[in-house]
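Below you will find the structure I want to go over with you.
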Amino acid sequence: MTAPLLEVKQLVKRFGGLVATDHLDLDVRPGETLALIGPNGAGKTSLIAQLQGDLTPDAGAIYFSGVEITRRPAHGRALMGLARSFQITSVFPELSLVQNVALAVQARLGHSFRFWRDASSDSRLTGPAREALEIVGLSYPSRPASDVSHGERRQLELAMALAMQPRLLLLDEPMAGMGREDGVRMTRLLNELKRDYAMMLVEHDMNAVFALADRVTVLVAGKAIATGRPDEIRADPQVRAAYLGQK
Amino acid sequence: MKIASIALASLLLLSASASAEEPVKIGFISTFSGPSGQLGQELLDGFNLGIKSVGGKLGGRTVEVIKGDDQAKPDVGRQLADKMIESDRVQIITGINFSNVMLAVAKPVLDSGAFIFSVNAGPSQYAGKLCNAHYFNESFQNDTLPEAMGLYLNSKQAKRVYLMAPNYPAGKDFLAGFKRTFKGQIAGEVYTAFGQLDYAAEIAQLRAAKPDAVFFFYPGGMGINFVKQYAQAGLTKEVKLYGPSFSLDQTVLPGMGDAAIGAYASAFWTEDFDNPASKKFVADFEAAYGRVPSPNAANAYDGARILDAALTSIGGKIEDKAAFRKALENVKFDSVRGHFRFNTNHYPIQDSYLAEIVKDAKGRPTMKKLELIKADQADSYASQCNMAAQ
Amino acid sequence: MASSPASYRPSSDMMAITVIVAVLAAVPVVASLVGDPFLVKIATRVVVFAIAAVALNLVLGFGGLVSLMHAGLFGIGGYVVAILAFHADDSSRLFDLFPGTTELSIGLPLAMLVAGAAAAVMGLVSLRTSGVYFIMITLAFNQMLYYFFVALQQYGGEDGLQIMSDLTLFGHAAIGRMSFYYGCLVALALVLVVVQRLINSRFGMVLRASSQNERRLTAIGIAPLRYRLTAFALSGAIAGLAGALLAAGQQFISPAEMSWVRSGDLVVMCVLGGMARVWGPVLGAAVFLVLEIVLSGWSTHWQLAFGLLIILVVVSLRGGLIDLLHLVGRRGASR
Amino acid sequence: MDVALFTEQLLNGVQLGVQLFLMAAGLTLVFGIMNMINLTHGSLYMIGAFVAAALFGHTGSFLLALVIAVPATALAGALLEAAVLRHFYHRGHLDQVLVTFGLILVLNEIVKMIWGAVPVPLPVPQLLSGSVTLFADVTYPSFRLAILGVGAVVALGLYAVVAHTRIGMWVRAGASNRDIASAMGVNVELIFSLVFAAGAALAGLAGIMAGPINAVQVGMGEPVLILALVVTVIGGVGSIKGAFIAALMIGVVDTFGRVLLPPALGSMMIFMLMAVILAWRPRGLFPVHG
């Protein structure tokens, strides 16, 4: 068995009296898509935030390709290849689509203390940025991000994540707030990306989850109550009772 | 000499008729907005009333007073001076009330050949080394009133005096002036931040030092705060307050109310001066503006009348700068301050008096003139001025 | 606050900069035609404050940092030039080491260096905070600078410092009315071009992104602090240049030029002109300073009108005067 | 400095702190709950003092002036909130600073037009004009003791209201999450208006209490506003407890700084203190979550 790409050991995060992450163990293997499901308030988004570095855990450890990153700052993790898309869309509204993605390219290329040359006509930035936009299917790259639809903004987020050339994509509800048609398109897109990237996917759309995931972990009250192949999870009576049954 | 001047005067009289249509243009730069805004208004009101008192004309010529608000910012004052000199072509700049504005404005104005005629700000630099043929100050030099108070407290044989002022150049000038003449012991010398609101801590220190008297200089709102708080600390009766009239005049007394009663001021003019010019001034001022004038307004009033007297003596011919300068130096006019003449450095020689703050018939606090401290008082910088070198 | 970014075209900005500089360059001609030399003086003041406002807008409009210490940095620049001239005047030495100079080719770069270094040090502390805390801590630093120069009795304290001798640039008299004006205008043009390039460079993209979504920027792997700090130091250096030019032009500098209210004035200039463009603050400075001189001549209650104007701009002209230009332009185009 | 003098200076510091707290309390509440930087707080302080001075001039009674001027200032605050400020809760801090700065200019000029530029009298009430001997060697002005008392009562009252009453609970709910609070049936708009009026009343009270020891003049609010902002930020925006502790701290540090340090350093003290505290704790001493 290969060493896991991402490994979480006994992770704990509390907010006052509320336990968001409760001695959680978890791993993602190279090339794998792990889906994280669970009811609202199960602690999915706070887990993603801890993995990405937005939140600092109270106890436990996170390893990324064998290196402990528990207390490493978010930008350092990003440069190691951890890319996150946000549950609530998070882009640079006053920049154009291509500029949004070019920033991600720029980050990967090292420091940005370059003061003179016009970044928008720098093909080392715009080339890969346009490519990433093409992959996610966004046209008219010079539109400002504030002017595009919600679904397109989710695609933009994904393009930014791809431009980072990540080794693991942390996708927090990439289909949230999308219409049926956009959702189907996004599922198809993720299905293609899955060949090239390891992913951790938080999603409520069960059709998408079972279509995409290699493994599924069920999170309830900050604990993983089950992990397994999609068909195993579907059949697990504990999961059915705790989660699927409520649907 | 005499013949020459008569000839000159008649020549000027002739040409005066030619230029009579052109008004005399005066740039009045002062602080009209912000916390010190009332001072500018006080000066302008006095100046305008002064012009009115001589028939609305200066030396027979119509007057145009162009007003500018320096907002207490030197660079804004400088900008206004540039505008007035270059755009409006004024011949005289007056009204400035802050020393730092004066220092920013004076050099370019004098370089351009126009006159500075100060009715308020009196920085020591221009009384001494920087004195200038075209720079006149008819109000006072900062150091003179504190010097007068030092003399008075010598005569009262006060032994230990405690000094307080804000920490800025004028504050230091005032205390330095006092120390120059006072011969007793200084019980303490305290400088507070400019614009400070609360003086409880300093007053506690003062009380602990047990002085015989307190000499203070706090202009504007600072003075009101200090005097009110001093009275509340219950010290007014135990240790009397002494200050220059700027800290105890009608720009601040209404705000101080009863707290100021019993304090003493050294002054070149008080509201109850009994010469006819002063009586008329106070009556006219109250009628026009509904308040009692301060010495600042009185100085500005005098300022307009000096300009009138000097211009009249040369037939209104302000364009002849050398003649105008001579006319100012030898000006004779009815001053509300009684005796007045210019010293060699173009700063005043005048009489200083002691005044007590009392309630007037209407219950308002006012300055009451008590005794003459020094006749013909001049400032201490005149000896450093070499006007002939100008 | 920014207007629609869709119209953000660097080429049109370069055009706008060219037009602005050309109009300003024509002021002396107009002044001599109408016979009012004062127009050059006020244009000089507009240009000097425009430099300071453009400097502030680099961090305010593009970096999203509301700094209230720029008057302090501005004043530092002024004092560097004035103190050097002071020592040249009486042949004494600064810190008993350095001789003074009236040469602006030394004074101006030194002013930028000192102001930039001060901005870097104070920025390092200030940038640990954000939002209203940042506003307040920069206000605190501004007050400290103010009181520092008030305390310098040797250099005039509150009274300020006059520059008594004539300043030179490469040995030529520098403060003649025309030469000084065009000198300042060249400085403004350079500053505009440099800042324009800067905000469209990689560095500028990071700076602008940091003001729009700091969390997102970190998530793609860029920590904004170093970039903000660099921008802050640069902005401080340019503000210092403006202050140095003000002191040289009026041959005077005083702590009153550094009060926090002046910092607020600079912010108002940026907002009034429009913060979304490099050249917006130039419009703001021009309108602000001309209004100040016109309104204050009208009435002692002019600040009432000024206050109402500020409110009006914030309420209805959120992109500043740039928005107004766009409106006029659109109406003209649709005719 | 002997013990008696030290005690007196300590009292002075605490009294100054309490005075600042009266200002800062309203500022921090409006700040914390509406996320609104309200620079007109200083103008409300001025309005309170002027209204009280005018009432005193007519009636000669300080108590009557106080009783009428406080609600009058609250009313002025409520009008200001409803007419202008309400529309800026959702704008950025920069917009809020600018609009309220513009309002300061406008309100100053209006006050100048009504009452003139010359400072108006507001003397100490007869009853409190003397000094009290506290213990051997320490006498203290009665009016300053009264300020201390009023400040302490207000601080306790505020704490009780915010922590233990239904209105206080609504205020906290409205502050932490507007939408949920509205869903629960809390009239958030009304709560905001009430909080603003209460803050205005406190500013007015501060202005009236300062009247007898400070100059009642146009622009009197700005220096106090700056100090109150410093207090608010050091304490942590939105925290009443933080404002109280920071106010006392500033009062004591400023008082002793002025007495013990050279004047140039003394005037910088509180700003240096603020810079140091913010460098150490970027969100103030008692950061409020959210």
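First chain written, first letter: the chains are A, B, C and D, and each begins at residue 1.
Everything that follows uses one rule, which is that a residue touches a chain if its C-beta (ideal position, glycine included) is under 8 Å from a C-beta of that chain, and two chains touch if they have at least 3 such contacts.
Every value quoted in this text rests on a predicted model; they were computed, and no experiment measured them.
Participant: Centre-to-centre on C-alpha atoms, which chain is most distant from chain D?
Facilitator: A
Participant: If you average the C-alpha positions per chain, which one ends up nearest the average over all of them?
Facilitator: Going by the distance between chain centres and the overall C-alpha centre, it is C.
Participant: Distance between chain A and chain D based on Cα centroids, please, to the nearest Å.
Facilitator: Averaging C-alpha atoms per chain gives centres 47 Å apart.
Participant: Please tell me the distance, in whole Å, between the geometric centres of chain A and chain C computed from their C-alpha atoms.
Facilitator: Roughly 43 Å separates the two chain centres.
Participant: When the centre of a chain is set as the mean of its C-alpha atoms, what distance in Å lies between chain A and chain B?
Facilitator: One centre to the other, that is 75 Å.
Participant: Could you state the distance in Å from the CA-based centre of chain C to that of chain D?
Facilitator: 33
Participant: By residue number and range, which residues of chain B touch two or more other chains?
Facilitator: 37, 41, 167, 193-194
Participant: Residues of chain C that contact two or more other chains, please.
Facilitator: Answer for chain C, listing residues that touch two or more other chains: 147, 150, 303.
Participant: Tell me, which residues of chain D touch at least two other chains?
Facilitator: Touching at least two other chains: 112, 264, 267.
Participant: Which chains touch, pair by pair?
Facilitator: Chain pairs that touch: A-C, B-C, B-D, C-D.
Participant: Spell out the residues on chain D that touch chain C in their complex, using ranges where they run on.
Facilitator: 31, 37, 84, 87, 92-95, 97-99, 101-106, 108-110, 112-113, 226, 229-230, 233, 237, 264-265, 267-268, 271-272, 274-275, 278-279, 282-284
Participant: Within their complex, state which residues of chain A touch chain C.
Facilitator: For this pair, the touching residues of chain A are 52-54, 73-76, 78-79, 83-84, 86, 90-96, 99, 102-104, 106-108, 112-120, 122, 125, 143-144, 146-147, 160, 164.
Participant: Which stretch or stretches of chain C touch chain A in the complex?
Facilitator: Contact set of chain C toward chain A: 2, 4-6, 8, 10, 197-198, 200-206, 208-209, 212-213, 215-223, 227, 230.
Participant: Could you pull out which chain C residues touch chain B in their complex?
Facilitator: On the chain C side, the touching residues are 36-39, 41-42, 45, 147, 150, 156-160, 162, 164, 246, 250-252, 254, 256-257, 259, 262, 292-293, 296-297, 300, 302-303.
Participant: Touching residues of chain C toward chain D in the complex: what are they?
Facilitator: 1, 60, 66, 125, 128-133, 135-137, 139-141, 143-144, 147-148, 150-151, 260, 264, 267-268, 271, 301, 303-304, 306-311, 313-315, 318
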